[in-house]
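What follows is a short report on a single structure.
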Amino acid sequence: MPKPVSSALKPMDVLRGSLNSSVLVDVRGNRGYSGILEGYDVYMNLVIRDAAETIGGQDHGMYPRILVRGDNVIYVSPVNSVRGE
Amino acid sequence: MPKPVSSALKPMDVLRGSLNSSVLVDVRGNRGYSGILEGYDVYMNLVIRDAAETIGGQDHGMYPRILVRGDNVIYVSPVNSVRGE
Amino acid sequence: MPKPVSSALKPMDVLRGSLNSSVLVDVRGNRGYSGILEGYDVYMNLVIRDAAETIGGQDHGMYPRILVRGDNVIYVSPVNSVRGE
Amino acid sequence: MPKPVSSALKPMDVLRGSLNSSVLVDVRGNRGYSGILEGYDVYMNLVIRDAAETIGGQDHGMYPRILVRGDNVIYVSPVNSVRGE
Amino acid sequence: MPKPVSSALKPMDVLRGSLNSSVLVDVRGNRGYSGILEGYDVYMNLVIRDAAETIGGQDHGMYPRILVRGDNVIYVSPVNSVRGE
Amino acid sequence: MPKPVSSALKPMDVLRGSLNSSVLVDVRGNRGYSGILEGYDVYMNLVIRDAAETIGGQDHGMYPRILVRGDNVIYVSPVNSVRGE
Amino acid sequence: MPKPVSSALKPMDVLRGSLNSSVLVDVRGNRGYSGILEGYDVYMNLVIRDAAETIGGQDHGMYPRILVRGDNVIYVSPVNSVRGE
């Protein structure tokens, strides 16, 4: 994988580039949410569609739409990071 | 479910779109509240009517009206996400 | 109970509407305070009169007047929510 | 005790009205301080004179003067709430 | 000790009045520092000279100079509160 | 290694100087991420490419790209600190 | 050591006076870092060179350069406090 020499990617760019794509979100309290990122704001509050929740790594529920408060977010990872931007 | 190509949904839009509808709210300390969202503010403080409380997944009480402080919110999920907006 | 179609209720409206009425306040650390709401501010600091304290659900003490710091508040619930406002 | 119909009491009013009077202060970490309130600021930092400290409900020490950082305060209660103000 | 009728003592006044005097500082995580207060700022960051550290009440070390971050401070107590100010 | 006599290095300079280079990031909750730093912002939110995650020191997963929220960061260490800047 | 009668030392002065000198930094989660302070900012984010890490008092690793987030800092102590400033 060649090393890019381009300028820095802003964290908010990652969220913008992940809109309408799959993300995995890790949240304090040993929780995870995977689904389609529908929206976000500067506080890293996230709106996720068709969200599958895990607690302690176990499947726990499905939410048609969920708003996760940014305070609790540990990381957001685009599931398919091969994107042109 | 077709993938939308529309613009992003702001987190506060989810709250506004959920007014007078059922929401499920997860709160730190293993608590949950489900009821009708009556109001909110930018701190994600929430007003919920006819709120059923669970603690550790067990039914714990009913509140005609409850104001949940935003600091403690983990997520808000509209119970019926099929809404035109 | 008919479903209101009115505009949203702001969280601070709930506090203002509860002045001089009974509230139940849940606080981090497994505490609760019930009494008459005498005052509040935008940080959700609360002044409660004739406050009965519970710790872990057990009665723990009475305070003629108590100022609860907003940081610790989980929820505030008006005890009698049937109020004209 | 007659129910006041007056306007709301601001939380900072309670602190101002308690100056040079006895207060009981509850602090995170299972601590309490009782003494004479000498001063405060908007962060709820408190100066207490002749402060008796309890930890876990046990007497732990006396301080001629102590400055308690507001971040840690859970509640402040005037010991004698029958005051003209 | 006569009860003062003077105006309130601001928390920062206590720090200013303790400069170059002995203080006892209690810090989250069951720690304490006693020494000479050399400086402070509005965040309650503290500079202490000849600081003796206790952890869990046991002597743990000596520091010629230490900068304690205000976030962690629970209280500051002047060791000799009989001071003219 | 000779002791520099130059002016101070700002923390954000370390992040800027680490762009497109390997970093090790330690995160609350006993987690670590190592990979290529792609971006950051003033909140210390970090974008890491080809991130290897450890939990409790054990390998836990790989992420093509991950956005770590700054609130959770304990430290960032450039893996190869011998850089001209 | 004679007692200074000079004006107060600002916490940030201690950091500035420690540049390019040895410091011991204590961090939440039972960690410590000792090394040469290369930089800092007003959030108390710290850049440390040749940093030796301890966890629970045990040696844990060496970092050529490390950026410690200020939020986690408990104290910073100059290892050699006899400095002219």
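Per-chain residue numbering starts at 1, and chain names A, B, C, D, E, F and G are given in the order in which the chains are listed.
Assume a residue touches a chain if its C-beta (ideal position, glycine included) is under 8 Å from a C-beta of that chain, and two chains touch if they have at least 3 such contacts.
Note that the structure is predicted; figures quoted are calculated from it, not measured.
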Superposition of chain B upon chain D: rotation angle, C-alpha, nearest 5 degrees: 105
Separation of chain E from chain F, taking each centre as the mean of its C-alpha atoms, in whole Å: 35
Euclidean distance of C-alpha centroids - chain E vs chain G, Å: 20
Whole-Å gap separating chain C and chain F, where each centre is the average of the chain's CA atoms: 44
Overlap residues in chain E, where contacts from two or more other chains coincide: 71
Successive chains along the ring, chain F then chain G then the rest: F, G, E, D, C, B, A
In the complex with chain D, residue positions of chain C that touch it: 16, 19-20, 27, 29, 31, 33, 36, 38-41, 43, 45-47, 49-50, 63-69, 71-72
Of chain C, residues touching chain B in the complex: 1, 3-5, 8-15, 28, 44, 70-71, 73-78, 80-82
